[in-house]
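Consider the two complexes below, in which subunit A is the common component and subunit B and subunit C are the respective partners.
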Partner chain A sequence: MYAQMVKTGVDHIQSKEEMSPEERAFQDRVDQDIKIEPKEWMPEAYRKTLIRQISQHAHSEIIGMQPEGNWITRAPTLERKAILLAKVQDEAGHGLYLYCAAETLGVSRDDLMEQLNSGKAKYSSIFNYPTLTWADIGAIGWLVDGAAIMNQVPLQRCSYGPYSRAMIRICKEESFHQRQGYDIMMKLAKGSSEQKAMAQDALNRWWWPSLMMFGPSDAESVHSAQSMRWKIKINSNDELRQKFVDQTVPQAEYLGLTVPDPDLKWNAERGHYEFGEINWDEFYQVIAGNGPCNRDRLRTRVKAYEEGRWVREAADAYAAKKAARAQAKAA
Partner chain B sequence: MVDSSALFEYLLRLGDNALILGHRLSEWCGHSPALEEDLALSNVALDLIGQTQLWLNLAGEVEGRGRNADNLAYLRDARDFRNVLLVEQPNGDFAATMARQFLFDAWHYLLLRELTGSKDARIAEIAAKGLKEVTYHLERSRDWVLRLGDGTEESHRRMQAAIDDLWMYTGELFESDEVDQAMVREGLGPDFATLHEPWLGLVRATAEEATLTLPQPGWAQRGGKRGLHSEHLGYILADLQFLQRAYPNATW
Partner chain C sequence: MTDKKEWPLWEVFIRSQHGLAHRHVGSLHAPDAEMAIMNARDVYTRRNEGVSIWVVKASDIAASSPSEKGPLFDPANSKVYRHPTFYEIPEELGHM
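Presenting the complex of A and B:
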C-alpha cells in the first residue's frame, strides 16, 4: 500500500489489565470509534507509528508525482494533458494534506522531507517502476490508484481525526483518478492493434507490482495486529489484495486484456479469484533500494529540494523584511 | 469584413502563446521549490491549456478546413507556430521562470483586457474568461518578482540576471504587422504599440519595489509571430507531438 510494513515498536499486544489507566481510557475511546484529536493524550507508540504511516503515505504521493509527471509534456491531446496535469497536481495536494496531518503529531514537514531525501524514510514500492509508454499512465490510474483506494476508503474511518479527515478528502479525488486511468485503458483497448498491444504490455508490467503494493501477508504480524487494535489499519493486507483482484479481473476482461497470471481462476465456492504466487524477492529488492527507478526517484526529489532552497530562503527573507517594515510603520 | 486568413493567423498567435507557455510551466510539475508551487504553477499551466483549447478551436473554425485545437497543436511543425519568442524560452531557474511569467502576464493581462471589447463576440468572450485567470497569474508572478528581487542577495542576483536575459524578447510583444493592423482596422483587437506604456509602467513600478534595475532599451529579438523561432521550440514540439506523430490517426 502507500504505507507498507509500518512498524509499531511493540513486541506484543497488551491486554487491558496490562495497560495503565491512561492507556485503557485511550483504547476505550478507540474501541467506541471516538476520534483521537491532536491535543489529547495518546500512547507514544501510537503517535510514532502514525507519524511513520502518514509520512510514508505523504512521501508516496510526492514520489508518485514522478512516474506520471514523466508523461505530462507528452500527453497525446490537450484534454489528456490537462487531466494528467490536474491529477499530478492533486497528488501534490494530497502530500500537503498528509504532511499537515503528520505535523499535528509534533513533527515538521522539513524534518520529514529531510528523512525522505536522506533515504531514511520509505515510500511505496510501486513508484520505483518506470512509465515507458502512454499506456502506463492508464495502468497507474486504473491499477495503482485502484489499489490505493482499497486501502484508503477504510482509512477514512481510522481513529486519528486529522488522518481520517485527510483520507476523506483524498478519496474523493482518487476515485476520479482511477476513472481517468480506466478511461485511458478503454481508449487504447478499443483503439488500433498497436494501442491494444501497448495496453496489454502495460498491464503485464504493472499487474504484479500492484499486487505487491498491499505488502506481504501480515496475518502473523504483531505490528499489523497492534495497528488494527488502534484502528489505524482496518483490514489485513491479504483481505485488501483479494478484494482488489476480485474487483480488477472483471475490469480487465471488459477491456479485452489478459491478466498475466496463468494460475488465475475463479473459485465459485469461495466466491473469490485464486491467483498465483507473488515474487516477494522482487518486492524486498525494490524496498531495499534495488528497483529499476529507486535511485532516479530519490535524486530527482533531492535535486528539486536543493535547487529550491534559495527560493524558500528568499521567500522567508522577504516575509521577514515585510513584517519588519509593517512594524516600523506601526511604531 | 476581416480577411479570414488574417483572423486565423491572429488566433493562432493567441493560442500558441498559451500553448507553449502552458507547456513550459507543466515541465515544472514535481520539480518546483515547494509543494505549494507545484500546485500553483500547475494551476497557471492548466488555465493556459484551457485558453489554448478555446483559441485554437476558434482558429480551426475560422479556417474552415475541419481542424480542431488538437490538430493545430499536435500536427504543425515549428515554422507554422506563431507564439512570441518569450514564451518558448527555457524554464531556467525559478527566477527565470517567474521573470518570464511576469513580463508575459503583464502584457497578456493588458491584451486580454482590450480584447474583451473586441467586435467579434467570440473573441470578447474567450478574452473575458481568460482575463479573470490572467489577473490572478499577474498578481502571483508580480509577487514572486518582489519576493525574489527583494529577498536574499542570491535571489536578487538571480532575478536581476533573469530580467536582463529576457528583456530582448519583450520588444516583439509591442510590434504590429499587417495581421495585427487588419484586426485594429476591424475593431477586433488593439494596436500593440498602445500597450507598451501601461506595460512599462507596471513593470517599472514592480522592478523599483523589487530593488531591480530594468535594462536599457536595446535590440529586440523578433520573429515568433511569423514562425521564426529559437532552437528551443523544436524540442518542445518533439515532446508535445510525439504520440500523435508516432501513431498517426490514433484516437486517445
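Presenting the complex of A and C:
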C-alpha cells in the first residue's frame, strides 16, 4: 500500500494483564472506537509506528506525482491535460494533509523532508515503475488509485483522530482519480487497434505491481497484528488484495482487455477470483532501491526541492521585511 | 540539503457556502499570514469548499488540557434539566 510493511517495534502482542494501567486505559478507548487525539497519552510504540506509517503514506503521495507529472506536457488534449494537472495537484494536497497529521505526533516537517530527500524514507513500491505511454496514465488512475482507495476507505475509521480526518478528506477526492483513469482506458479500449493494444500493454505492465502494492501476506506478522489491535490497520493485506482483484477483473472484462494472469479464474464456491503467484522477489528488489525508477525519482525530488529554494527564501525575506515594517510603525 | 528554518504552522478554518461557522479543516506551513491564506486556498478549497478562510498561528492557540477533561466538563453532567427531553409534555399537545 502507500505504507508497506510498517514495523511496530513490538515482538509480541501484550495481554491486558501485561499492560500498565495507562496502556490498558488506552487500549480500552481504542476498543470502544474512541478517537485518540494529539495531546493525549499514548504508548510510545503507537506514536512511533504512526509516524512511520503516516510519513510513508505522505512521501508516497509526493513521489507519486512524478510518474503522472511526466505526462502533463504530453497529454493528448487540453481537457486531459487540465484533468491530469488537477489530479496531480490533489496528490500534492494529500501529501500535505498527511504531513500535518504526522506533525501532530511530534515530528517536524523539516525532519520529514530531510528523510525523504536523503533517501532514508520509504515510499510505496508502485511509484518506481515508469510511465511509458499515455495509456499508463489511464492504468494508474484505474489500478493504482483503485488499490489505494481499497486501503484508504477503511482507514477513515482508524483510531488516530488527525489521520482519520486526513483520510476522510483524501477519500472524497480519490474517486475522481480512479474514474478519470478508467475513462482514459475506456477511450483507448474503444479506439483503433493500436490504441487498444496500448491499453492492453499498460494493463500488462501495471497489473502485478498493483497487486504488490498491498504488500506480502501479513497473516503471520506480529506488526500487522499489533497495528490492527491499535486500529491503525483495519484489514489484512491478503483481504484487501482479494477485494481489489474481485472488483477489478469485471472492469477489465468490460474494457475487453485481458488480465495478464493465466491462473486467474472465478471460484464460484468461494465467491472470489483465484489468482496466480506474485513475484515477491521483484517487490523486495524495488523496495530495496533497485526498481526501474528509484534513483530517478529521488533525483527529481531533490532537484525540485533545490530549484524551489529561491522561492522559499524570497517568501521568507518578504515576510521578514513586512514584519519589520509593522514593528517600526507600532514603535 | 534541507532548510533548517521551518516556517510556522498555521491552523486553517473555512466557512462553507451555507452560512455555517468557520470550521477547522487542517493546518499548513507558511512564512506569513498572507501566504498562509494563499496556500490554504490551494490546499483546502480546490473544490469550492469555502467562501472565507481564517488562518491562525498554531502557537497562538490556547487549548484546554486533555488531562483536565474531567474537572473541566464534569459540571455539565449533572444538569440534565438543560435538555428538552428532561420535560414531559402531554402527547395531545403535539410538537413543542
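Here is the rule we use: the second predicted complex is superposed on the first by the 331 of 331 C-alpha atoms of A that agree within 3 Å, B and C clash if a C-alpha of one lies under 4 Å from a C-alpha of the other, contacts with A are read in each partner's own complex, and residues count from 1 in each chain.
Assume a contact is a pair of C-beta atoms (placed from the backbone, for glycine too) under 8 Å apart; a residue touches a chain by one contact, two chains touch by 3 or more.
Because the structure is predicted, anything quoted here is derived from the model rather than measured.
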| item | value |
| --- | --- |
| Partner contacting more residues of subunit A (subunit B vs subunit C) | B |
| Partner chain(s) touched by A:Gly256 [first = subunit B, second = subunit C, both, neither] | neither |
| Subunit B versus subunit C as contact partner of A:Gln89, first or second or both or neither | both |
| Touched partner set for A:Ala304, first subunit B, second subunit C, both or neither | first |
| Partner chain(s) touched by A:Glu103 [first = subunit B, second = subunit C, both, neither] | second |
| Which superposed partner A:Glu114 touches (first subunit B, second subunit C, both, neither) | second |
| Partner chain in contact with A:Glu37 - subunit B first, subunit C second, else both or neither | second |
| Which superposed partner A:Ala315 touches (first subunit B, second subunit C, both, neither) | both |
| First, second, both or neither for A:Ala323, with subunit B first and subunit C second | second |
| Contacts of A:Glu194 with subunit B and subunit C, given as first, second, both or neither | first |
| Common interface residues of subunit A - those touching subunit B in one complex and subunit C in the other | 86, 89, 93, 96, 309, 312, 315, 318 |
| Residues of subunit C that touch subunit A when the two form their complex | 1-7, 9, 25-32, 34-35, 42-43, 46-47, 63, 65-67 |
| Footprint of subunit A on subunit B - complex, ascending | 19, 23, 26-27, 29-39, 42-43, 45-46, 49-50, 52-53, 69-70, 73-74, 93-94, 146-148, 150-152, 154-155, 158, 236, 239-240, 242-244, 247, 250-252 |
| Subunit A to subunit B touching residues, read off their complex | 62, 65-66, 69, 72-82, 85-86, 88-89, 92-93, 95-96, 99, 134, 184, 187-188, 191-192, 194-195, 300, 303-304, 307-315, 317-318, 321 |
| Subunit A residues within the subunit C interface of the complex | 37, 39-41, 86, 89-90, 93, 96-97, 100, 103, 108-110, 113-114, 117-118, 165-166, 169, 173, 302, 305, 309, 312, 315-316, 318-319, 322-323 |
